[in-house]
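Both complexes shown next keep chain A, but they swap its partner, so chain B is in the first and chain C is in the second.
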Partner chain A sequence: MSKELTHAARGPQDIAKLTPEQAKKVVTFGAVAAVVGLAVAGAAFAADKQRFAFSYLVGFMFVTTIGLGALMFVLIQHVVRAGWSVGPRRQMEWITGILPWTVALFVPVAMTAHTLYEEWMGPNGHTDKAIAKKLGYLNPSFFFTRAAVFFAAWALLSWWFSKTSAAQDDAKKPGEITLKMSAVSAPSIFVVGVTLTFAAFDWLMSLDPKWYSTIFGVYIFAGGFWSSLALLALVTLYLQGKGFFAKVSTVEHRHDIGKLLFGFTVFWAYIAFSQFFLIWYANIPEETIFFKHRWIDSWQTVSMTLLFGHFVIPFLWLLPRTIKRHKLGLGIAAAWCLVMHYVDMYWLVMPNLDHHGAHFTWIDLGGLLGPVGVATLAIALRASKGNLFPVGDPRLPEAIRLQNL
Partner chain B sequence: MPEPKKKSKAHALVGYFDTPADLFHACETLRDEGYRDFDAHTPFPVHGLEHAMGLKPSRLPWIVLACAAFGLGGATLMQWWMGGVDYPLNISGKPAFTLPSSIPIMFELTVLCSAFGTFFGMWGLNRLPRFYDPVMKHPSFGRATDDKFFIAVEAKDSKYDPEGTRALLEKLGAKELTEVEP
Partner chain C sequence: MSAAPVPVTSDVDDPSIRAPLVLGRQNFATVSDSVSTIVERKAPKTWFLLLGLALSILAILGGSLVDLVWKGVGRWGNNHPVGWAWDITGFVFWIGIGHAGTLISAILFLFRQKWRTSINRAAEAMTIFAVMAAGIYPAFHVGRVWLLYWVFPFPNQMSVWPNFKSPLLWDVFAVSTYATVSILFWFVGLVPDLATLRDRATTRTRQIVFGIFALGWRGSHRHWLNYERAYMILAGLSTPLVLSVHTIVSFDFAVSVMPGWHTTIFPPYFVAGAVFSGFAMVLTLMIIVRKAFGLEHLLTKRHLENMCKIILATGSMVGYAYAMEFFIAWYSGNDYERYAFVNRAFGPYKWAYWTMVSCNVICPQLFWFKKIRTSIPAIFVISIFVNIGMWFERFVIIVTSLHRDFIPSSWGYFRPTLIDISTFFGTFGLFLTMFLLFLKFLPSIAISEVKGVMPAADPHHHDDRHEAHEGLTGGTGNEDHHESDPEAVHA
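Our next item is the complex of A and B:
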């Protein structure tokens, strides 16, 4: 009965499932991306192990933050009982498919941990008084234990919410499943918020163990949520362009994704500026050193690129309603945002290696393509299975009726 | 504003429909017939009605953008003049005028002026404050907040014609059609 109802509500044009050939093509694409990415990463690793360690961390954080942003999006949609996002939520569930793979992606980071976190993992950690005080938290065994907890929590949440949402597709009582997901999502937001914050502290902030910023976790969240929306926009545009969606994901949904992308452009800038402003004003050497490193030589150009590329340009570009609704307009913005998120991660990690200015090499590309390839495969595997949108969600008719004024 | 074809002493022809769907179709018909000066009054928002009425996108965003630019520019000038020129103070060795310390003010004034622009711009575009509208003279107008869906075609509309418009609305199912005085 409920299946018939939803079928009638969504109309005949929406395509709920990929054909086996299409699904195979998606998985093949993901597999090729993973193989190519890992091959370039392997070559980069062989060429320069030290540089690769840092380059890889950039790529690892790039895909992990996108996966976490997507997970946060899914949780927020459930907790606020959002109607408009029922269709796009399924695509975000695919993107959270990155998260169960992050534990495997972390292996190279774990292997190179002594290079990356030399300052506190190495002998210096015990001799430097300021760092020695922090060794109760910053020590390898606790570091890896925490990482294990993060990966377990993320994999579990990504798996549970996608599985439950997929099970709803042909459930007899879909309403109960909606309420269950809504109830679980609230504490889950807390779990993701805390694990994301400490992961940011552990993997990025501890590269320079003497420097600290309490807003750092929020900064990483802002960038991750922002870029996951950008990726969602690209996936949505692709599926819409291929003619899969007639009603569940239209120009109206695209417009809403664009609005969120715009909103989080501002949010990131607000957080980034808050971090900078307090450090600038207090002017304490142990804090200003972070920005001093990022103001040396060509790092200054990268910092300004972030100011304009991560905020000013996307802000002005996404301001008009027409651009947010326009396929190419939103597509350009989304692709741009993903590039800028990479620049952001690069800007956080690489000054710890390149002390005298930024210089991008192909090793950095290897460090990026490896994780991106694996993430593409992870998303492709999720996309190839099940329905393209939650066909059993009781809020689907509400999503279809979405209209922007 | 084009002159009405036939001078009518009435302000508008007002009637109501029983369902939002009837009102929706009536608005579409009026729009397609070329009517511009008509309005709908409903107990709750009817989605898509602005398209059915053929309303153009609001000019409000442009007003807000202008106010935002004014706020941003004004705040920058203010910070520069007060802090950098008129009364420079040495605060923990910071430059008298500098962008980082001015950005909070620039941001806040941009937001404040945008909010004022939105609020008062909406007043201006809706010609508010106005405590009274002749449409309210319709004997059953109170039901616009209860269970009826009102339509009001103003006499100043170039297509307005007391008999023709009335016949058109009656055909569309409008009830209690009344010409209200200005």
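Our next item is the complex of A and C:
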């Protein structure tokens, strides 16, 4: 490989592996996060089972969509033969480490499903004419079968792409592995696109089984992809701050991640606006009810927070080149975006419980911290093993040469 | 890297190297030559033949429009219950075609897709001509075309204003902005190439005409710096614009309360469909152009293959949208929604629906196979199928949703009139005439941009042979006055 490096890439290489102590520290951090998260979640569950069911669904969707966004990122990099993202792709592979755990994270959702999806799982489903018509799709056995298919598909893809990428690190013919991942990624995008859509329908849209929107899957994808980029930015900044990655992930890569974060800020807004605007304009009661619920009392504030916090502020903040390249500037944006993704999930789920206005309680925090803790552990376990960047990727020299002129 | 032989085919699958975008032993001079000579040489006979054909079709458009204006819009088959048919179908069809140009020139630029350089010029030209063709429909649908300026809001003594709540007015804004920015973008990109043609000019007229439009371009560092900045800004502005145009076109339908029209996925679905149809049209045209003018070394099979992949991706997005519409129509439990879709697929227009599905969803899936996406005849045929399918998509959305109103007494079956057909057919005459003139009188491939993606333009390129600079005094820009010197090329 060294033969192929140009002068920009010569000189000492980046540290590719954590020391055993560092790796241990990472895993410990993840484990502590998981324990603390699960403890708070457990306390919240004990305190208020009904509220916890909804709060937990918010947290579950928060981490699951981030994992799916990361998986989409990895797949897209392979399918378009991206050169710049070779380094960051490894960090995204870590983030997809959430996905094999989602099946375990789903257990509380499954246990509380009758609370969450009372409207169609309960007796009301058979008596309400409008809901009864869709029981062919919305019924518990089909619901859980679908969930099993989703988890299997995601775990398989997350595992295969990370394993294959890791195997490339010391493969004799790394080029062939790149081609193999590229070939598998194209159909995988289909699988993720379809499963993500129906997961969004099943777990979020069916909370209000009478409401429907064809764009809903795209909406969830947009938010998930956006927040996975935000998490990638944070992980990248952390590692760069610790002195890793003098070459494979520099200010140039940060800039590119910032550009994508900016782009998907607009994309999310575009999808969210399309959904809102068409429903508002046509003003059909069975559709407007969704926004009506989110316009009651303090939900108004949350809705406006989404408009400004999920779009206007990050849009303006991420517009200048300087901010995207600035460590603190990008870091603030990334952390902000993750908070906003949580607000988005909260805004989708909680109005189904809090009909008279939003009121955030510590139970909601428990619902968030449980899944986030487990996700942190999942990412930490991946990060602690193997190389920090795909050392054997044939496009690594190209990634190192990246410059935003 | 210096030792590695420069590959000469585009069938490179080694991920450690990027496939060359220009094939053969090319240097900057030969690239200038192969594009400029199309403009400089006398046009081949086929070109005149094709222009004659295109002009005849254009005459059909003229005749149809005269008839339409003379006798009234009733000459089109629009009537209760289908009050909107081939006119808006044609409008959306052409606007959609235009989207590939902007996607290639702006979005692929922002994503640093260097292969765009060989196709962006022609695709952008196509965009402009497609928007012109699209404009015919709203312009003439107003009936009194000389009062078309009423579509713009302006203070007037009658206090008559267009309806600001109508997506049709937003269309006026969106399409006119889009057309303006597309033309600017296209022209900015043309400036360095026009200077090349000016510097190579052998006749006084050509020198003056190209000289005027080259805006005094000298290829200095300051010129390039300004050029690159302008290009980047225009790319950044065009990106949201290209999404906005078809989004607003989709609003024409989706803001209504019509089953089959009102659905939230319409905006991204229309944009994906527009890019899909636009790339198909680029393929249809460029497969002919590269052959006819011998540009296979600049517009390689690899370029075609990449476009096929975009068609596969956007075609699948369109398929996803169809599936979502169907699923949610069922899931909604709304009888009217459900009926609209059952009627679409199994009603009197089922032939149109299944033509659409075959052409748009099934046909592009063939591009999964490398054999098919590298076979030029196959690409050509599929690209035409996609063009047909995308026309049918608009027809299906528009006509099948309208033809059976809520009350069965308001059911009907739309049949196009002769003028419907001749107007639509005629717009191809306008499009082709413009495109043929463009091919003959302007550089159909962005010369300076293609040079920028050749290995010799890379500052890391250490080729001792300095192939690209043979006979040149150096530089990577517009030393075209050297290149016009035949001796310089072989020095």
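Basically, the second predicted complex is superposed on the first by the 393 of 405 C-alpha atoms of A that agree within 3 Å, B and C clash if a C-alpha of one lies under 4 Å from a C-alpha of the other, contacts with A are read in each partner's own complex, and residues count from 1 in each chain.
By our rule, a residue touches a chain if its C-beta (ideal position, glycine included) is under 8 Å from a C-beta of that chain, and two chains touch if they have at least 3 such contacts.
For clarity, every value in this text was computed on a predicted model and none was experimentally measured.
After superposition onto chain A, partners chain B and chain C are found to clash with each other.
Ranked by how many residues of chain A each touches, chain B and chain C are led by C.
In the superposition on chain A, contact of A:403 is made with chain B only, not with chain C. Contacts of A:76 after superposition on the shared chain: neither chain B nor chain C is touched. With both structures placed on the common chain, the touch criterion links A:395 to chain C but leaves chain B unconnected. In the superposed model, A:193 lies in contact with chain C only, and not with chain B.
In the superposed model, A:134 lies in contact with chain C only, and not with chain B. Applying the stated contact rule after C-alpha superposition, one finds that A:281 touches each of chain B and chain C.
After overlaying the two complexes on the shared chain, residue contacts for A:321 are found with chain B alone; chain C is out of touch. After overlaying the two complexes on the shared chain, residue contacts for A:353 are found with neither chain B nor chain C. With the complexes overlaid on chain A C-alpha atoms, the stretch of chain C that clashes with chain B is 469-477, out of 397-405, 433-441 or 469-477. Comparing the two interfaces of chain A, the one with chain B and the one with chain C have residues 277, 281, 283, 401 in common. Residues 1, 13-16, 18, 112, 240, 243, 247, 251, 254-257, 262-268, 316, 320-321, 324-325, 328, 330-334, 368, 460 of chain C touch chain A in their complex. Every residue of chain A that touches chain C in the complex is listed here, in rising order: 4, 6-8, 81, 83-84, 130-131, 133-134, 137, 175, 178-179, 182, 186, 190, 193-194, 197, 201, 210, 212-218, 266, 270-271, 274-275, 277-279, 281-284, 286, 393-395, 397-398, 401. Those residues of chain A lying in contact with chain B across their complex are 273, 276-277, 280-281, 283, 319, 321, 401, 403, 405. Those residues of chain B that touch chain A in the complex are listed here as 47-48, 50, 57, 61, 65, 92-94, 100-101, 103-104.
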